[in-house]
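Note that the chains are named A, B, C and D in the order they appear, and that numbering of residues resets to 1 at the start of each chain.
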Amino acid sequence: MPFDELHEECGVFGIYNSPDRHAAVHTYYGLFAQQHRGQESAGIAVTENGKMKYHKKQGLVQEVFDEEMLAFLGGDSAIGHVRYSTTGKNIVENVQPIVRNYREGKIALAHNGNLINAHELRDEMENLGAIFQTTTDSEVILAQLVKNRLTTESLEEAIQETMQIIRGGYSVLVLTNDKLIAFRDALGIRPLTLGIVGDSYCFASESAAIQMVGGEVIRDVAPGEIISLSREGLQSIRVFTESSRFCSFEYIYFARTDSNLNGLNVYSARLEMGRQLFREHGVMADMVIDVPSSGMAAALGYSYESGIPFGRGFFRNSYVGRTFIKPAQNMREAGVNAKLAPITENVKGKRLIMVDDSIVRGTTIRRIVQSLRDAGAVEVHVMVSSPPVRYSCFYGIDTPKRQHLIAAKHSVAEIQQEIGADSLHYLSLEGLRHTLSGASTGSCLACFNGDYPIPGDLTEQSKTCC
Amino acid sequence: MPFDELHEECGVFGIYNSPDRHAAVHTYYGLFAQQHRGQESAGIAVTENGKMKYHKKQGLVQEVFDEEMLAFLGGDSAIGHVRYSTTGKNIVENVQPIVRNYREGKIALAHNGNLINAHELRDEMENLGAIFQTTTDSEVILAQLVKNRLTTESLEEAIQETMQIIRGGYSVLVLTNDKLIAFRDALGIRPLTLGIVGDSYCFASESAAIQMVGGEVIRDVAPGEIISLSREGLQSIRVFTESSRFCSFEYIYFARTDSNLNGLNVYSARLEMGRQLFREHGVMADMVIDVPSSGMAAALGYSYESGIPFGRGFFRNSYVGRTFIKPAQNMREAGVNAKLAPITENVKGKRLIMVDDSIVRGTTIRRIVQSLRDAGAVEVHVMVSSPPVRYSCFYGIDTPKRQHLIAAKHSVAEIQQEIGADSLHYLSLEGLRHTLSGASTGSCLACFNGDYPIPGDLTEQSKTCC
Amino acid sequence: MPFDELHEECGVFGIYNSPDRHAAVHTYYGLFAQQHRGQESAGIAVTENGKMKYHKKQGLVQEVFDEEMLAFLGGDSAIGHVRYSTTGKNIVENVQPIVRNYREGKIALAHNGNLINAHELRDEMENLGAIFQTTTDSEVILAQLVKNRLTTESLEEAIQETMQIIRGGYSVLVLTNDKLIAFRDALGIRPLTLGIVGDSYCFASESAAIQMVGGEVIRDVAPGEIISLSREGLQSIRVFTESSRFCSFEYIYFARTDSNLNGLNVYSARLEMGRQLFREHGVMADMVIDVPSSGMAAALGYSYESGIPFGRGFFRNSYVGRTFIKPAQNMREAGVNAKLAPITENVKGKRLIMVDDSIVRGTTIRRIVQSLRDAGAVEVHVMVSSPPVRYSCFYGIDTPKRQHLIAAKHSVAEIQQEIGADSLHYLSLEGLRHTLSGASTGSCLACFNGDYPIPGDLTEQSKTCC
Amino acid sequence: MPFDELHEECGVFGIYNSPDRHAAVHTYYGLFAQQHRGQESAGIAVTENGKMKYHKKQGLVQEVFDEEMLAFLGGDSAIGHVRYSTTGKNIVENVQPIVRNYREGKIALAHNGNLINAHELRDEMENLGAIFQTTTDSEVILAQLVKNRLTTESLEEAIQETMQIIRGGYSVLVLTNDKLIAFRDALGIRPLTLGIVGDSYCFASESAAIQMVGGEVIRDVAPGEIISLSREGLQSIRVFTESSRFCSFEYIYFARTDSNLNGLNVYSARLEMGRQLFREHGVMADMVIDVPSSGMAAALGYSYESGIPFGRGFFRNSYVGRTFIKPAQNMREAGVNAKLAPITENVKGKRLIMVDDSIVRGTTIRRIVQSLRDAGAVEVHVMVSSPPVRYSCFYGIDTPKRQHLIAAKHSVAEIQQEIGADSLHYLSLEGLRHTLSGASTGSCLACFNGDYPIPGDLTEQSKTCC
């Protein structure tokens, strides 16, 4: 995907009992390694000698935290969160981890995913007198936990009860004065990995974050599993054991290429998607290029399978940040593209296979194809290493409403014409399933085929998110 | 009081149904006029067409809000709050108004005062599963309101039930999508005034804020009264009618000289305190000076009654702000006082009556007296326009713990020696009562005589404050 | 003057050979004490072991410098500057001290005053190839110094030559790697004082700044004098000895009441102005009030001489800063005055003498008088403790153009009608001269009588200022 | 080069007579496209109706300018500058364009390069009385221009005289109220290109900047050429015609892959460097990988020539900014690399050719090689697409002092051992010459062979830079 058309909604990191007050520092690096999962805000809550402190704010991890703040936080244990958000002016309240006071002291919660029944649960609780600070489903999870804690023997039991009630995709870390608990939804829709740094257990959305802090991956938290870390050590409770449905888009676009999710490496999966694309469509040309940078592994796979050389078609300006002033309409019409510029010398006179990971709205790819033609490309064949995105996600990815998904309204032929490609080919659903067959979990393909694995309300109000 | 030894804890302002989206703007000026009641943070919540927006942050009113923000807020109705706080790094959550979601939508609350049973109520509610975001007693009031709303017919009834349960000094404004409600504790400890701007009712802690926005004062909200503004107009409910006990320190030090509280003008009260000081002690000298600027009105009263001319003893540098770097110990010993410098030419060779409003810790007055002697004053007689402060306040003023109150441990003679004055005289309790006799309420004198009008826990944990 | 109608243009401070790297810290406090002389920007240049460092920026002294910056600067010797400016967006270049590289290394200069022939000197030098970074006359002084240094034996000689060429009011501090030199214009129009802190000589615009750092005043730098501090000690050169003309507005409005200028204390001078006002006009009433706070000393003088009691008519809100949003026109018409509010209780029913230090544009005094009437004052007699301001200043005070001076166009009777006073009286020129007779210098009264002591171009282009 | 070991020192952009006040906007995008040439500060000076305005500050282009500022600047003509700098606290004065006042009004100058005789020229001028604001050689160029203008008929003549005096590498843009003039040093060491946007001529360091604003490249400014744009149109003056020596490092590392410099495309040149590496050394393995991202084109060339498949060995975290907190020593020893993480799945068990563009200090490549081994790579052969860097640059690239260049002190065999590679191969000097043979200019190879094309002082003091 060339531009920020699609957003992961959050990454989490947690560490238990880190020596020398290093919990906040490790979480800083664990979040930094997952910055691609959320650039809008970041937060860390720590406990130290049974006391909780936290800091959170809008901004990148490195903008939110400086050395003084990390030294202030210190911490034996910590959880952290990076977040992408769409809300307006007063969003500081929504920044995670959320921290609250309840009967047993302070509790912090960090959540990646989306509940589809958060609004119902919220209404129910409000009718019983509950007060909410935010409109996030994360606060609903926390409120359920605290409520269920009143009638259970332990926080772990309260989590079990909560998991029976909340529905959706969720990977959650909870920090209290003496415990760090992780739990993952029944279908394992969102990722969550257990690792170890020195002698300290840690959790992360992606395995790369564990490697970033010098740790080793132990295993994925299982779908429907609770892992509780306390002075007594690690306790695992498997609440659900149904067949799993992991988000296929993590492999296609979101996750880092060096992450292994459910036993399958992301780079390898993308290579295989590219190979499969050639197997399915067999289009030949002079050069395979990627739409930088997310399409590169699939482009290499296509090149390997087809024998067509891989080359670069674009220079990518990596300095585009939040404060960049977008070119005015007249400049865009003049072909100004702030981020991607064709390497004219390398594309002119060539027939090109351009590999992209996905097409969501389809608003920018037309200009990208055109820029290649303007630079002298003879043919531009677009290969997409995923099936057409025809349905919205309700489990934690910020897909636009259906009416904005180009493939929900248009056939492949129509899209090909719309984007001005000489040909357009998508990976088949079967092909995608094949490339993901090495994962230990099944796949959620709802955004491609509408087969939503969790029954329930799938309207806009169920997209409150973390 | 020469330095910031004592802090009011909050000021509030509210306006109902202001035309042309002017609610936020009026509240801005209403808060600005009450900036002396809290400089640490400021916030405004508005409703417009039944929707609530808000903005709040640490800083002065004019730092927190700019024109763009006021235009964004607009608002038909609004409440606002300025706050002094003592908490640490993560205090943004404590900034008021607090805004929450409950069964009937959003609700905002701004509070001036302190409950003495907030921690008990909080424990009770947490044991029933309640979750708190902050540690302020304001959130306890809001939680009680929402809880009582479940079993009552109206928000006004829920407030009545809440007023039966919460104990302490409080002046509260509550804003919902269709109402603005004010209520004041049974004893009327903290101030609250009703006014009108054009056709719009408004509330403020001090009458001067109502004049600042071009409005007129109607009357004080009565102790134990609820005033509810809605489309049906103004409804008044008198929940308690016991005899009142208004905070005497508002007259002595906190309030603006142009404010009238409970029918008594602050400047006039202070003049009378100064006159009474002379009547009680009759010390003669060459010149009466004030400790700038809070002691000036009492100094003038002393001058009037005694016939001794009033003059200025000090130049006051008004630029000392939060970022000012305090002089190092060695500079302080060299007589460096960043804020007050004696006007040598005017004090040398003179016998001085120096009038201050109160002595709390007594840490700076010694140096002030010394600076006058260094400048050549022959005698320095210190007159304090209040009785010795011997007890902590638990109703909304940030007095230090008893052990830090100089008059709790020392006799007047000892204090006189400590501060190096030729004589030291306090206003008598009877004298103070006399000067406040023009007010429509009785006086709380607990900080002078320990006669706490509300029974209950008076330990540090009951000082959570707004 | 009630509002910021008139601005001093700069204050300076310098210290030579301060032990323990304290030069920057002392200069910080010396500038802080002179913050009223310029609030737009501040800067400090230091030398340490023969190397120069500096920091300067827009903002108050306490905003520009923090402890880290002061520690970085340290310094054996230092000069500093506070500045009021009227320029536009790109003004950081104009912030002083200006620091330049020349043949002998770095040189820094801080200047209070205004040259009237800066533009001519600048044109001359540009025609010879000179390049300027700013449009300030301070840079012209520095350029002259460097130019004259080429043909002289010492920097002191170069200063003497420069003083023969530049014309206007100036008090200048120059810092080089081994010297700190002060010089004052021939007429001593702007103030400059020599003091000592410990064993270190220091200079300041006002004596109060020397007291602020725990130092003692030695004497004023004489008009036309150069004082050079070096390892050889203090050297004084008297370049001019003509009769002096010190700015009378320093006594009337600008300087601190605790400063002594040319041997005359400012507070005492203002008291005498008030006494003289009564002697000249003899108006009786019920109470004398000040326009806070600059009119207070004169109001007290009026009270002393007349026997009419002094009281406060206004509460002054001291929180009005640069970011304060000015009330809209409709609010102002409704009587909203952000800064001054009448103490209704104290003025209603009374005949008042309201003393102000000066009237420049006369735009706000009308509303102030009106607010007293609205509050119930029966009569309002305005007494101004200076003669009518009829001419612009070209020597360092930012008076508006003549056409904006109300007294340049209108008679006293017209002004009285315009501001709505029952009577209006100014101090006579003779009266002013009398009150300043205790100073060791003569007075510049050009803004009152147009008698400009320095011949030359008095057009707008000659007001480039420091 | 994996980390920021080497810095280009500046990029420039200028546009003449842009319609609709678009000069600042176009310059913004032109600078943004060249952000890789300098990330420390940015500035734009414009002229509009013969008046000059400017804004410049530390920070990225998009941080320094917002829409409001661009609208304020507007402009008919403009020059802009991005800068990398090594100086300390007070560097705002050094930010370019430098703007000065001289006899004919304002003049602005933006410079990419480094003079080797700036300090001498500066001393000469200071001895004649010149004053400098900065320590940059850019200010020396400007001072020479202004000085020579006194004795010449036109600014163009003054530039010719100046080019006879200044020695080094320089590409300069000068803006006056009515002209935009570009000039390039005799050897054409630094790049400079002429383009056209609509009907407006423009200049940029790299051709990609011209394409970014929707323009077309006309030709490079020739070595030793002056191009002057005025109302009379474009005037070209060829001051020198000696044989040229363009910086080869622009092709190796600095320039964008989509830029054409002197007729040679950067991407193509790098592909050829990779091909030539294989031709020279012929090392075979299982996979060719790049050190992201600067080594990629050469890695592809190596892959093409050898037939060994290209793959990715690393995930690169692109969020590392200036405020990122560097991992502590113990974390680095644990293998933590904030920016590059090996894709274990793709490198384990493989024999790797790792292609990098250059090795300067050699401090980080050892850890990168080690991280591949830790991830399971069987062999790591390092291929460097440039010859060993053995000499410092004095013409505009911030190479470290010689003693910090690993190849200045060590043989290739020693370096191979130091970095822990199985083999290490550099491109030969002859090979490099061959790959650059398509350029219209000769090459400066001084950093490889010490053959400095401009005689003169090559000590640290001659590295003052733009």
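Methods note: contacts are C-beta pairs under 8 Å (C-beta built on N, C-alpha and C of every residue); 3 or more make two chains touch, one makes a residue touch a chain.
Since the structure is predicted, the reported quantities are computational estimates derived from the model, not experimental observations.
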Applying the touch definition from the top, give me the chains sitting in contact with each of chain A and chain D. none
Centroid from C-alpha atoms only, then distance chain B to chain C, rounded to Å. What do you get? 36
Could you state the distance in Å from the CA-based centre of chain B to that of chain D? 61
Centroid from C-alpha atoms only, then distance chain A to chain B, rounded to Å. What do you get? 49
Give me the residues of chain A that touch two or more other chains. none
All touching chain pairs, where touch follows the definition stated at the start: A-B, A-D, B-C, C-D
Can you name the residues of chain C that touch chain D in the complex? 53-55, 72, 89-90, 92, 100-103, 126-135, 142-143, 146-147, 149-150
Listed in rising order, the residues of chain B that touch chain C in the complex are 25, 28-29, 32-33, 35-36, 39, 60-63, 65-67, 70, 208, 211-214, 256-258, 260, 265, 267-268, 296-297, 300, 304, 309-312, 314-315, 317-321, 323-325, 327-328, 331, 334-336, 338, 341-346
